[in-house]
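Right after this note come the structures.
Shared between the two complexes below is chain A, which pairs with chain B and chain C, respectively.
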Partner chain A sequence: MINQIGNYSLFIALFASIFLIFQSSNVIRNKSKNLDGKIFSVLSVQSLMVLISFFSLIYAFIVSDFSNETVYNNSHTTKPLFYKISGSWGNHEGSLLLWLLVLTIFLFIFFISSKKLLNKYRILTVLFQELIIIGFLLFILFTSNPFLHLFPIPKEGTGLNPILQDPALAIHPPILYLGYVGTSIIFSSALAALVCGMVNKIWAKHIKKWIVISWIFLTIGILLGSIWAYYELGWGGFWFWDPVENVSLMPWFCLTALFHTIIVLEKRNIYQSWTIILSIATFSLSMGGTFLVRSGILNSIHTFANDPSRGIFILCFLLVLVLLAIFIFFIFQKKLLKKLTKTFLVSKETAIMVNNWFMMFFLSVVLIGTIYPIFLEVINGSKISIGPPFYQKLIVPFLIPFLLFMAVGPKLKWIKDSLSKINFNQLMLFILSIAISFLLVKLYGISYLLILPLFALGFFLFFLTIKDFFSKKSTLSQKISHFGFSLFILSILFNATFAKEFSSNMKVGDERKFLNKIIKFENIKIIEKNNYKSLVANFKISDEKNIISLNPEVRIYNQPRTLTSEAAINSNIYSDNFLVFNVIKDDGYYNVRYQFKPLMMWIWFSIILISVGGILSYLKKNE
Partner chain B sequence: MYGKKVKLRAFFILLIFLSAILTIFLVIKALEENVVYFKSPSEIKNLSELGNKKIRVGGMVKKSSIKTNDSEINFIITDFKNELLVSFEGSVPNLFEEGKGVVAEGFLKDRSYLKAVKILAKHDENYMPPEVNEALKDNKQ
Partner chain C sequence: MNKNIKFIIIILFSLFVFFIFYKGLEKPNNYFPEKNLNKIETSLVFKNLNDQKEIILEELINNNSFSIINIWASWCLPCRDEHAYLLKLRNLNKIDIIGINYKDKKSNAIEFLSDLGNPYHEVLVDLDGTKSIELGAIGVPETYLINNKIVVKKYVGPLDDIKLKEIIEIIKYEKN
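On to the complex of A and B.
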């Protein structure tokens, strides 16, 4: 019953979509007709229908209705309620329904919040957005319907992969999707603004809100995924250049570039074409990311669905959208303001352009590293993988000029400025930063050539951004975000430079020496839980000063039968002590990995700070 | 001669062009150094030269082949046609188990022995790395 409701509401939404596409193209042809009310009501019907469909899926998960194939494949009666609910978007079909839901709701919010703007622009945005929506509706209904009926009805479901049963991962997809799908509004509205010839300050001001909101959600979404990989997958770090991680980072680079460029457009009315190109690119990368993750093409350690035909559909659909966008861009590009504005080399505009160049460079590196293996396999069938050294080699050295520009850039004025007025304080801070990092390198005997300038510039940026809090020049949101970023750079530098790792095979009672620490495997016990069995070990890590007790777990789930490790993490503001263990076979040996991770908490905290800057910028009325 | 604007524009285009070339050059160089090829034990048997680059080997962990001591884990990767002995010091993922798919990354010492630096396995019971799946398929034909 509930399945039919979900299914039919999707069909109604499909009809609404078709209707909207026809109506909006009609309105555009004869401009006199005003169908605002009609479009509003159909839009609300559509959002409501998708909402109903989404809730009927959640309901089916809650009551464990195994006549629904998706529920059968991804749920189990013994699963806690929270994970039954989050399980509804933890799978391929449900996650696409979530995409669709956000698509329609965002469009609805866009429509009611843009009343002050040109009607043609609003209706065109609806048209472009509906084109995306209809694609997703067709995709869901015909290749990944979450409401497929199963008969005979199974008694029990097959369960949700236990590594997904985690609070951070339960909310990770919705948050990330809000970011991804927010870029669809940017895409549609950029095209609409281009067609209407209104790529100007007013549009920039309006769309900036959407850029900021997508950027916030994307940032937090990536953070949640990263934290999850740290403690649940036991990866013991914050970033692994895994393809699945990379596909979320690519739109982030693009969106960050756009976030900066839109400010230039808003203030100075320049960089119009570039803004449009970035808007198109950001959405293409978001959707391309979904395609790559969902298609199973990515050679990742954690891929999800594995049905290539689904991937091909998204790929074709994406291609059509991108081609359409490029086509529109070239036709209407002439309409862009061609008035030559005076620009000078030393100005805030240039500084932001420099930021964009770096973003594009980082983006290309990640893009190539992620898709080159796929490309090569198609070309000559050889299977390769590209490891972290590739990214480190290409990104880390470029951080040096990037940090320097980031320290200087925000200080520059719009239109024209000069570099000659570098003041005494800044110079002192610069010398101080070099002195500190020189001391660090000397004291700890780090030989690495790159580390010294990186630390120096990291500290320099850190001091400058702190100093900025006392000046009135820039906005508070920018101060916080940039300060957060400098904190982020410093934390990862410390983290990467001073991290220590040790692994060994140990039996109960064994002791290992590692640096000045002694790691002792005290005991292990078995605990029976509701839907899993748990092996809880106890380790004592002692140095001269104190003893830390860590209790990592290995959980053995029955539905489906899977082993997961729960890392034991002892965090304080200085460092994390991370310990994870694994069962190898029944010979008494356990595989143990201990990691000492300095300033781990500050990495998470600095990303939160960066997002807080975004939130403040969103909340501010007239910036 | 040319006006100031034209010169500025030409300079700008040149700058973009140069940075694009530099990017491509750096990327290609980094790719060459950091690409890790994937092979099956059978492919390794037929290698003409070993080379000293890092490679990945995929297959199944042979039943009752895991031997553990204080620091090392030794096991055999098989594609049911050829076998490769792997020795490894470090930490293994959750699903490293006998009879399950595995990918080992490391350096070949000879055609039947790999000194691994990293072991990968998937967090899903029924999962098999696509490479393993294909390597196994190739051999069944």
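On to the complex of A and C.
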């Protein structure tokens, strides 16, 4: 019963989509008609239908209705309620339904919040957005329907992959999707604005809200994913340059560039084409990411069940959208204001352009690293695997000029400024930063050449952004975000430079010495839980001053039968102690990995600060 | 004119990217992101089962093609089931199979191989089981498909029809 409700409401949403596309193209042809009310009501029906469909899937998960194939494949009666609910979007079909839900609701919000703007622009945005929605609806209904019926009804489901049973991961996909889908609104509205010839200050002011909101969600979504990887995957790192992580990072670079460019458009009415190109690129990258993850063309921990027909569908759909965007761009490009505004070399505009170049460079590195293996394999059949060293070697050295520009850029004025006003304070701070990093390098005997300038500029940016809090020039949101970023760079540098790792096979009672610490394996006990059995070990790590007790776990899930390692992490404001162990069969030995990771908390905290800056910027514009 | 050229180039480029991805979908997806965990410790020294000669594992692993390491013991019942599949693999004659005899008596091991047939190119001895641990094993039987010192695929538990098929697929695909 619940399956049918879900299924049919999707079909109604599909009809609503067709109707809207038909109506909105009508409106554009004869401008006189005002169909605002009609479009509004159909849009509400559509959002409501998708909402009903989504809740019927959640309901099916909650009551463990195994007549539903998606529920059967991804749930189990013994699973806690929280994970039953989050399980509904922890799989391919359900996550697409969530995606669709966000698409329709965002469009609805867009429509009711843009009443002051040109009618044609709003209706065109609806048209483009409905093209995306119809694509997703067809995709869901014909290749990944979450409401397929099973008969005879199975007694028990096959369970959710245990490593996905984690609070951070339960909310990671929805948050990330809010970011991804937000970019679709930016895409549709950029195309609509281009067609209407209104790529100007007013549009910039309006769309900036959507850019900021997508950017916030994308940032927090990526953060949650990293936190999950750090706690759950037990490799002790938080970013692995795994293709699927890269896929979320690419639109982020693009969106960050857009975030800065839109300010220039808003203030100075320049960089119009570039803003449109960035808007198109951001969404194409989000969709391209979906393609890479869902088609199974890349294998990684995030890939859901592979089915080539799905991949081909998304790929064709993506091609249609990109071609549409390119056509519209080239046809309507002449409508863009061609008035020549002179820009000066030393000005805020240029500084933001420089920020964009760096973003594009980082984006290219990640893009090439992610898809080059696919290209190479298709063209000459050879396989390569691109790992973290590639990204580190290409990105890290370029952080040096990037940090320098980031220190100087935000201080410049619009239109024209001069560099001669560098004052005594700034110079002193610069010298101080160099001195600190020089001391660090000397004291710890670090041999890596780039560390010195990286630390120096990291500290310089850090000091400058702190100093900025006392000046009245820039907005509070920018101060917080930029300060957060400097903190982020510093914590990553410290973390990467001073992390220590120890690994050994130990049995109960063993002691190992590592640096100035003693690691003692105290005991191990077995705890029975509802849907898993847990081996909890107790380790004591002691140095001269204090003793830390750590309790890592190995969980043996029964449905599906899987082992997961839960790392024990002791965090304080200075460092993290990370310990994880693995079972080696029968002879009492366990493989133990201990890591000392400085300033780990600050990495998370600084990303939160960066997002807080975004949130403030969003709130301020709403007044 | 200039604008048209740009337009055509961008369209052609999009179609090219589309074509590549389309082709990419047809290929099997054994793209494995490189992780340290997958690297195998090849500097281990083993004794040979028959003549007790010392051998470094590295010498036995082919550098630019696949090898298989199989950890087994005569006392392990699943190993007995698995043995037929190893012999099938051996008969294909495409890949070297290195056996590691885990916590076993020499006489039992030799008897086991003479009863059921010897699929291994080399049988190494791991008397106390510690070397298998260093290879990352958690029990017997375990089978690693290795290429360039990297574990491409790790099978915990006995081989069966499906796993055998997969191994053959991976090897075949790589050879082409």
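Basically, the second predicted complex is superposed on the first by the 617 of 623 C-alpha atoms of A that agree within 3 Å, B and C clash if a C-alpha of one lies under 4 Å from a C-alpha of the other, contacts with A are read in each partner's own complex, and residues count from 1 in each chain.
In the analysis below, a contact is a pair of C-beta atoms (placed from the backbone, for glycine too) under 8 Å apart; a residue touches a chain by one contact, two chains touch by 3 or more.
Note that the structure is predicted; figures quoted are calculated from it, not measured.
J.: Both complexes share chain A, so when I overlay them there, do chain B and chain C fit or clash?
T.: Here the two partners, once superposed via chain A, clash with each other.
J.: Thinking of the overlay built on chain A, is A:W89 touched by chain B (first), by chain C (second), by both, or by neither?
T.: Neither partner.
J.: Once the structures are superposed on A, label A:F463 by its partner contacts, choosing first (chain B), second (chain C), both or neither.
T.: neither
J.: First (chain B), second (chain C), both or neither: which does A:L315 touch?
T.: It touches chain C, and chain B stays clear.
J.: One more residue to check, A:I368. First (chain B), second (chain C), both or neither?
T.: A:I368 sits against chain B, while chain C stays out of touch.
J.: Go through the superposed model and pick first if A:F358 touches only chain B, second if only chain C, both, or neither.
T.: In the superposition, A:F358 touches no partner, neither chain B nor chain C.
J.: Touch check for A:W99: first (chain B), second (chain C), both, or neither?
T.: So A:W99 meets neither chain B nor chain C here.
J.: Between chain B and chain C, whom does A:F291 touch in the aligned arrangement: first, second, both, or neither?
T.: second
J.: One more residue to check, A:S382. First (chain B), second (chain C), both or neither?
T.: A:S382 sits against chain B, while chain C stays out of touch.
J.: Going by the contact rule set out at the top, does A:D242 touch chain B (first), chain C (second), both, or neither?
T.: second
J.: Based on the superposition described at the top, state which of 20-28, 38-46 or 110-118 belonging to chain C clashes with chain B.
T.: 38-46
J.: Can you give me the overlap between the chain B contact set and the chain C contact set on chain A?
T.: Overlap of chain B and chain C footprints on chain A: residues 296, 299, 383, 385, 387, 505, 582, 584-585, 587, 589, 591.
J.: Which positions of chain A touch chain B when the two form their complex?
T.: Touching chain B: residues 161, 163, 233-234, 296, 299, 301-302, 357, 361, 364-365, 368, 372, 382-387, 389-390, 393-394, 503-506, 510, 554, 560-565, 580, 582, 584-585, 587, 589, 591-593 of chain A.
J.: Name, in rising order, each residue of chain C that touches chain A in their complex.
T.: Listed in rising order, the residues of chain C that touch chain A are 3, 6-7, 10-11, 14-15, 18, 20-27, 29-35, 37, 129-130, 133, 137-139, 174, 176.
J.: Using the touch definition from the top, list the residues of chain B that touch chain A in their complex.
T.: Against chain A, chain B makes touches at 19, 23, 26-27, 30-31, 33-38, 56, 66, 68-73, 89-98, 120, 122-125, 129-131.
J.: Under the definition above, what is the set of chain A residues touching chain C in their complex?
T.: Where chain A meets chain C, its residues are 235, 240, 242-243, 291, 295-300, 306, 308, 311-312, 315, 319, 322-323, 326, 330, 333, 373-375, 377-379, 381, 383, 385, 387, 505, 582-587, 589, 591.
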